[in-house]
Amino acid sequence: MNFSFDTIWHNLPYLLAAARWTILISVSGMAISLVWGTALCATRLSANPFLRGAAVLYISFFRGVPLLVQLLLFYYALPYVGLDLPAVQAAILATGLCSAAYTAEILRGALQSIPSGQTEAAYALGIPSFSLWRRILVPQAVRIGMPSLVNELILLVKVSSLASVVGIGELTRISQNITGETYRPLEIYITAAVIYFAINWVLSISGRLIEKKLQIG
Amino acid sequence: MSKEQMTTTADDAIITVRNLSKYFDDFEALRDITLDVKRSEVLCLIGPSGSGKSTLLRCLNFLEQYDGGEVHLDGELIGWQDISHNPRKPLSGEALRKQRQHIGMVFQHFHLWPHMSALDNVAEALTSVKKLSKKKAKEAAMAALTKVHLEDKAENYPANLSGGQQQRVAIARAIAMEPQVMLFDEPTSALDPELVGEVLSVMKDLAAEGMTMVVVTHEMGFAAHVADRVAFLDSGRLVTCVPPEEMFGREPDDARVRSFLQTYRERNVV
Amino acid sequence: METELFVRYGPALLYGFGITILCWLAGSIGGVIVGFILACLNRWGPHALSWVIYVYVEIIRGTPFMIQLFILYYGGPYIGLVLSPVQAGITSFVVYGSPYFAEIFRSGFNAIPKGQIEAARCVGMPETRILWRIILPQMLVPITAPLTNFFIILTKETAILSVVTVPELLFQTQTMAAETFTFVEPFLALSLFYWLMVLVTGWIGAKVEQRVTRHLKRA
Amino acid sequence: AQADLLSDIKAKGEIVAATEMHYAPFDLLKDGEYVGIDRDLFDEIAKDLGVKAKYLDLPWNSILPGLEAGKFDFVVAPVTITAERMKRYNFTLPIGNATVALAKKAGDTSISKPEDISGKVVGTQKGTAQLEQLKAFSESLATPAEIREYTNVDEALADMAAGRISGVANSLPLMGYAAVQRPGLFELVMPPFGDPKFFGWVATGDENSKSLIEAINASLLKMHEDGRLKAINEKWLGSNPDLPTTMPDVK
Amino acid sequence: MSKEQMTTTADDAIITVRNLSKYFDDFEALRDITLDVKRSEVLCLIGPSGSGKSTLLRCLNFLEQYDGGEVHLDGELIGWQDISHNPRKPLSGEALRKQRQHIGMVFQHFHLWPHMSALDNVAEALTSVKKLSKKKAKEAAMAALTKVHLEDKAENYPANLSGGQQQRVAIARAIAMEPQVMLFDEPTSALDPELVGEVLSVMKDLAAEGMTMVVVTHEMGFAAHVADRVAFLDSGRLVTCVPPEEMFGREPDDARVRSFLQTYRERNVV
C-alpha cells in the first residue's frame, strides 16, 4: 500500500473546516444535554406520578428511537406541523434532546448511591429543593457519574455525524466526500479519526480534572 | 423569640404529641406516645438501644411519616395535610420545608455533606435558607464552629475530621440556624468528657435564650445536668417522663427503669 | 404505507434482525468482560499498565466506530489480518465497547465508601472476594443505569456494521429502501426493531436495578 | 404548495438542488468545492431558467424524504431510470450513461473481459439498478460470480484494494473515473455489459413539478444541439456517451 | 491461643510501637508514640477529640500508612516491607491480608456493608476467610449476634437498624473472627448504659480467653472497669500510660489529664 501523506496534507484544511460544524453541534448539544438532562432526572424522581410518568415516557422514546430517525423527524416531519427548523438548529436540538435522556439516567444512577441521610439533613435544615439539587446532590452525582457522563458526551460528538442527513457537512460527511474523490479512504479516515480524538481528548481531560476537583477526602 | 415574649407562654406546650404510633412494615417502632414539650424546655429521651428514640425524634420533624396520632408544633399539625382524611396525605415539599425551618436536628450519624468543607457545611443553609450574603454566612458559620472549638478545622472536609470533630460540625450546622426547637440525637456520643461539658454549656446557653430542645442521650450524667424532664422509652412505649431528680435521684418506681440505670450507677462510681 | 412491502421484505428484515442481535450480544458482552478486566487492571494492576490502559481507553473511545471498523476491515489485509465481515464486526464491537465499559466500571469503583473496603480488609478478606462481594453488588447501584444506556447505544451502533457488508438490520432496510424507493416503511421497520431491543434492555436494566437497590428501600 | 413549482422557483430566483457529493465524476467535492458533470450541466440549466442554483449535499437515504418534505426543489443526483421508480417520481431526460461496467485491480491478468468474473467475487453498491444488471449477467455465465453488496462504491473499491474481491461493477462513468484517478490501483474492463441504462434527474411525482421537468428537458435538448453537453462530458469522461434525446423505453 | 500457652509469655508484649509518627499533609497527627501492649492485656486509649486515638488504632493494622517509627505484632513489622529502605515500600496486598487476619477492628463509624443483612455482615468473613461452610458460618454468626442481643434483627439491613444495633453488628462481626488482637474504636458510643454493661462483660470474657484488646473510649467508667492500663493521648502525643486506679483513683499528676477528667467527675456525681 502506498500511504499518501500528500492527500492528507492537501485535504486537511477542508477536514478542519468541517470539524467546526462537528464542534458547534456537539458543544451546543452538550449544553442542552446537561441542563435538560438534569431537569429530566429531577422530574423522573419527582413525587408527582404524572411528571414522573412523563419523564419515563420521554426517556424511553428518546432512547428507543434511533437518533437518525429522530433527526429526520425533526427536520422533515416538523414542517408538516408548521415548525420549519433550519438544519443546524434541528441537528443541535435532536442530538441534545436525545442525549439528555441518557444523561438523566446516568445522573439518576449516581444519585441513588448518595446516602439518603444527606438529603434528610438538608430537609431538616429547610433547604429549598433547588439548592438541595444544585449544591448537594448534583455535585456529588457528577463526581460519581463523571466517567459515564464523559462517555455520553464523547458519544454525542461522534453522533453529531448524523447531522449530515440534514445536509450539514460535518467531519464524517466531508471525509466520506473526499474519499469519494480521492479514492484514498484509509488516509482520510485516519486523519478524521485523529481530529475526533483531539476533540474528545479535551473532553476527557476536562472530565478527569473536574472529577479530581470534586474528589473528597 | 425573646425571653420576655416567652414568659407569658412559658408553660404552654410548643410540641404536643398525641397517640403517636409508627410501624416499619410489621414492626411496631412507636406505640401510642403522648407527650408535651414546653417552650424553652430541655427534654431528654433515654432508653435502651432500639427502643424508638431516634424514630420518635424523626417523627417530630416528619422525616418519618408517622402512621397514627398527631404531632403539633405551635398548634400546627406536622407533616400531614389533614388527619381526618384516610389514607393520610403528606404536605407538599414546600409546606414541609416551611415547618422544618423552625426545627433543627443533629443526626445520630451526623449526615455531613462530604463534598463540602466543615465551614461550607455550616454556611450552606445560612445562604440558601436564611438568605445571608456569602460573606455574612461564612462569618456566622465561623462563629458557630468557634463555639464548638473547630475554628482551625474549618477548611477540612468531613473525611479528614475525627469522629468527634464531625459531630461538632453537625452541632454547629444545626445551631447556626437558630431554630425554635432543636432535636439532638445523641449529640455527644463521639465526644470526650471535656467536650461533653462544653456542649452541655452551649446547650444551657441556648436554653437560656429560649430554645426548646429534645435530646436523645445515653449519657445519664448529661441528662441529669441538662434536662428539665427526662422521658424513658422502652420497646416503643413511653414508660415515664419526670424531672431528672426523680429519675436519677432516688430509686425509680418502674422496675424497667431501675434495671436500666443500675449498671450505669455501678460503673460510674469511680 | 404499503403493508405488502413488509410481507415481501419480512424474511430479509427478520434475518437482518437476527444478525444484528448476534453481533450486538456477542460484541457487548465481550465488551463488558474486556472493560471489566481493564478497569480491574487499572485499579489493582501495576502502575505502568494503567498508563497503557489510559492510552487505549482514550484512543478507542475518542475515535468513531465507523472509522475503526473501516481500518480494521479494509486496512487489516495489508498487515495480513483478513477477517470475515461478521468476525470483523464482532471484534471491533468488543474493542470499541470495552473502554466505555471500563470507564463506567471505574466510576463504580469510585462510588464505594473507603470505609467499607477497609472493614473488609480488616477481617482479612482477599481482594478478589472484596471485589466480588462488597464492591460489585454496591457499585451496580450507580452504574446499572449507565450500563443500560450503553447497551442501548450499542444496539444502534450495530447499524454501522453495514459498512463492511454485515447483512444486519440497517443493511436489509437500506436494500428495501433502495429497491422500492420508499423511505417511511423501511425506517418504520428499523425503528420498530430497535425499539423492541431497547425495550427489552431497559426492562432488564430496571429489574437489575430493583434487585441491587433492595437494601436502600426503607420500610 | 398548490402553485406551480417552476413559477415558484422563478419567483424566488433560486433553485435548490440536492445531491450526494460522493459520486464521481457526476458529483464530487474537490478541495472543498462541489464539482462534476451534474454541477456543470445544472449550472447551464439554471442559467437557461434564469435562476441561481444552490446545491445541497445530503446522504442518499435522506434525499428522497427531503424532496417530499419540500426542503429543496430538485434532485441533481444521477438516478438510474427504471420503470418502478418512474411510478413515484418525475424523471428528466437522460444525463448520463448508467450501463454496468467492471473495474479490476490494476495488473490482474486473470480478467480481461467481463465474462472472466465467472466464479470470482465481485462487489457492487446495493439497491442499485446496476446490481440487478450484474445479477442477470452473472446468471448467464457458466459459473455465476459471487456478488457482494456494499453500502457505497468506495467500500467496494477499498475491499478490492484489500484483496477480498476481484472486481467492482458499477455504472460505466463511475468505474472509468476511478480507474483514471488511481491508475496504479484500478483498471477498467471493457466493454460494458447488460442492458443499456441511463441516469436521469428527479423531481417529485406530482403535477406541480411537471412544468419544471419540461423546462429542464427543453434546456437539455438545447445543450445537445449547441454542443455544451458534449463538451462537459468530454471534459470529465474524455469521451461522449451518446445520450438519447427522448425518454428511453423502460419496462 | 489457650490460656495455658499464654501464661508462659504473658508478660511480653504482643504489640510494640516505637517512635510512631504520622502526618496528614502538614498536620502532625501522631508524634513519637512509644507503647507496648502485652498479651491478653486490655489497653484503653483516652484523650480529647482529635488527639489521634483513631489514627493510632488505624496505624496498628496499617489502615494508615505511618510515616515514622515502627509497629510490630508478635515481632513482625506491620505494613512496611523494610524500614531501612527509604522511601518505605508497603507490603503486597496478600501479605498485608495475612497480617490483618490476626487483628480485628471495630470502627468508629461501624462501616457495615449496607447491601448485606446483619447476619450476612457477620457471616461473610467466616465463609471467605475462615472457610466455614455456609451453614456453619450462619450458625456462628447467629451466635455472635446473640451475644450482643440482636438475634431478632439478624435479617435487617443496616439501614433498618438503630444506631446502637448497627454498632453491635459491627462488634459481632469483629469478634466472630476470633482474632488475636482486637482494636475497638469507641465500641460503646451508640449504646445505652445497660448494653455498655453487656459489651463490657463480653470484652471481659474475651480478655479471659486471652485476647489482647486496644479500646478507644470516651466512657471513663468503662475504661476504669475494663482496662488493665489506660493511655492518655493529647495532640498526637502519648501523655501517660498507667493502670486505671492511677488514672482515675487519685488526682492525676499531669495537669492536662486532671482538667480532662474534671468535667466528667462533676457531671457523674449523680
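Per-chain numbering from 1; labels A, B, C, D and E assigned in written order.
FYI, a residue touches a chain if its C-beta (ideal position, glycine included) is under 8 Å from a C-beta of that chain, and two chains touch if they have at least 3 such contacts.
Because the structure is predicted, anything quoted here is derived from the model rather than measured.
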Chains touching both chain D and chain E: C
Touching both chain B and chain C: give me those chains, sorted by label. A, E
Most remote chain w.r.t. Chain A, using mean C-alpha positions, is E
Whole-angstrom distance, CA centroid of chain C to CA centroid of chain E, is 46
Centroid from C-alpha atoms only, then distance chain C to chain D, rounded to Å. What do you get? 38
Taking the mean of the CA coordinates per chain, how far is chain A from chain D in Å? 37
Using mean CA coordinates as chain centres, what's the chain B-chain D distance in Å? 82
Expected list for chain B, residues touching two or more other chains, is 24, 109, 159-160
Got the chain D residues that touch at least 2 other chains? 61, 65, 152, 155, 158, 161
Got the chain C residues that touch at least 2 other chains? 70, 74-75, 78, 114, 138, 216, 218-219
So, in the complex, the side of chain D touching chain C is made of residues 61, 64-65, 84-85, 88-89, 126-128, 148-152, 155, 158-159, 161-164
Would you mind writing out the residues of chain B in touch with chain E in their complex? 24, 46-50, 54-55, 108-109, 153, 160-165, 168, 185-186, 189-197, 200, 218, 220-222, 224-225, 248, 259-261, 263-268, 270
Can you name the residues of chain A that touch chain B in the complex? 47, 115, 117-118, 120-129, 131, 135-136, 139-140, 143, 214, 216-217
As the complex stands, chain C meets chain D at residues 70, 73-78, 82, 162-165, 171, 174-175, 177-181, 183-184
Once bound in the complex, which stretches of chain D touch chain A? 18, 21-24, 28-32, 56-59, 61-62, 65-66, 68-71, 152, 154-155, 157-158, 161, 178, 181-182, 184-186
